[in-house]
Amino acid sequence: MIAFITDWGEDSYYVSSVKSVIKNINKNAEIIDITHNMGKYDIYSYSHILLRASKEFQENTIFLVVIDPTVGSSRKAILVETNQPKYYFIAPDNGILTQVKRKYGINKIIELNNKNYFWKESNTFHGRDIFGAFAAYLSKNINFKYFGNELLKINELNIKNPFYNKNNIIGHFLYKDSFGNLETDVENNNTFNFDKHSSYVISFEGKEYPLNYKEYYSECGDDKLLMHFDSSNYLEISIYKGSAASYLNIKNFNTKFEIKKIK
Amino acid sequence: MIAFITDWGEDSYYVSSVKSVIKNINKNAEIIDITHNMGKYDIYSYSHILLRASKEFQENTIFLVVIDPTVGSSRKAILVETNQPKYYFIAPDNGILTQVKRKYGINKIIELNNKNYFWKESNTFHGRDIFGAFAAYLSKNINFKYFGNELLKINELNIKNPFYNKNNIIGHFLYKDSFGNLETDVENNNTFNFDKHSSYVISFEGKEYPLNYKEYYSECGDDKLLMHFDSSNYLEISIYKGSAASYLNIKNFNTKFEIKKIK
Amino acid sequence: MIAFITDWGEDSYYVSSVKSVIKNINKNAEIIDITHNMGKYDIYSYSHILLRASKEFQENTIFLVVIDPTVGSSRKAILVETNQPKYYFIAPDNGILTQVKRKYGINKIIELNNKNYFWKESNTFHGRDIFGAFAAYLSKNINFKYFGNELLKINELNIKNPFYNKNNIIGHFLYKDSFGNLETDVENNNTFNFDKHSSYVISFEGKEYPLNYKEYYSECGDDKLLMHFDSSNYLEISIYKGSAASYLNIKNFNTKFEIKKIK
């Protein structure tokens, strides 16, 4: 199984070019699109997104990750085998695998530089010619030791962990989903003591808004800001039948926020 | 075959999470996406959309329907086996199956509450953990009698049927397609007596517009409002190379309209 | 393998209707979506897009091409077998195959008029009932000689070839990709003598802009207009981390442009 994520959008034929090459190399390859349509977040956000999306997949899934704003620079193409669970990530070595490494651990890193496995040598379509081609060969069970030389470490982003105690959180907005819900880096570890009957405020960039804690979107009135833990167990800021991203006028992501109980 | 429809958009990874779980449960499952991108219509519109989209599929297709604005409320998750043709619908019991029931009839209703088949117990991702999981087990030919207890009826929406005679129609706008064509609930039953050389008016919400009857989009001038029966044999209001939805400034759907012959 | 392209958008269920019919006819058919989301370009642009997208696919691929603005008119539905490589194109005979013919050559043309292979006879959904159905039968290895009578030529668009010498180009903007990069009809044939240290201007519609030649997007500053040859070896006009289409205010495509070296 190849799980495929890019930031290309599906309003071009590039995604199909990669799939075609994969099928050329391994006609039995099975491909699930994670998404190609989340847009132009930076690799900080995508590092989190990739971690979350990957969690649903089976062991031995090959993640084909083409979030590559510095394509053509000297950044390497790499294969990473993770530890627990055992997954394979084929990606540029630009920091995109930072969160995956922190969560799963890394067994092995290979630089994808054996040109015998390249599809073509092109200046700008590494997604097809390098990443896609190696994913296809790996899905055919070609041993990755032939793909290139081993590396000892990957490039990592300086991602700050969120901080929290019983009644306070310092976290970061990562991205919004198609409903305008704001996704954060705050995972529920059961130290929180939120309750439905208390009042909270969220503050960021000098602004402050009241919000409530709810278990479901629909428990709140239509226009009320609410926080809850989403199906992946991360804190989400939402408005039932509305867009929290618009309401809070969030333009940039990786913005720090603080949540405090006020009574 | 699992035919999958949601209103989530493809600008998030949620659709892939469901597919991944389906493939975990049944690696041979075949999935066709009906659409995830039609947007935030209400369940009245989606009840019609689901009926139309379903018509093209083969007997025994499993429809995985996650149009679920009240997720987390007490609405049930259900499996419905229809009568003619025999299809399986896995959906929330929120009225979304109203039109399917009227057209196909219902053989059997099961409440999907046997937690042995749940993927996880999550508060807000029933699409993956309940609907997706049961669709996958059904696609493996697990007998649905194990999925939960039988119910005697589904919740139905109060959907008004359109009215028509030879020269008049009272119907409802249901949704627009990507061209801005307005889709309606008026099915051609050959009682209509429209002709290309007569003049008609359409009125709704106190406004009135002239329109013509044509067989093809391209028979009309570029800016003229036209009505015709679409490929599914429903009345459609269109503008050739234009957007009827913009021209008529349609913001809300399920709006009643009336069409009259004037000469 | 069926490679499927339309201009319908994925915000309706029409694409799934075609896939469902294909699977009805040939349950083993494999379908890759080229794209359905590039929007409403004219058939000049799509003729180029189809050529480019097709290049990545294997011999014997069946291209199901439903770019059909004059559906319902007297334009024919055709199957074209190309020469080198051998591909099959199932498309309306409206000129969409002009560039494919010029590049690959044509072996055989069949008019798809044997109604035994139609799915339904509908006025407006030829994509499903004619094009989709014949693609499915061809993917089952039904000999296309049964599909209809042979034709001697296809309709061709009057597409002007670009002109160029060492330091000058006259070409056409064809479409933009999701990044706002402008794609052109100018293929690199190694007669160009561009270099990174010279200065160029691009002019069109009475306007003129400076631009540079680069190998990679990221070699330029963020706001600078640049030209380079893309992964398909066509000239592309771009802005690193920006939209050249917005910057140049390109509204219409098939616009002629000229590039000159100035020092």
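Per-chain residue numbering starts at 1, and chain names A, B and C are given in the order in which the chains are listed.
Everything below uses one rule, namely that a contact is a pair of C-beta atoms (placed from the backbone, for glycine too) under 8 Å apart; a residue touches a chain by one contact, two chains touch by 3 or more.
These figures come from a predicted structure and were not determined experimentally.
By the residue-number overlap criterion, the interface of chain A with chain B counts as different, with under half of its numbers used by both chains.
For the two copies, chain A and chain C, the CA superposition rotation is 120 degrees, given to the nearest 5. Chain A and chain B have centres, each the mean of its CA atoms, that are 32 Å apart. Residue numbers of chain B whose C-beta contacts span two or more other chains: 10. Of all residues in chain B, those touching chain A in their complex are 8-17, 19-21, 23-24, 69-73, 122-125, 128-129. Across the complex, chain B is touched by residues 1, 3, 5, 10, 30, 32-39, 49, 52-53, 56-58, 177-179, 215-219, 228-232, 241 of chain A.
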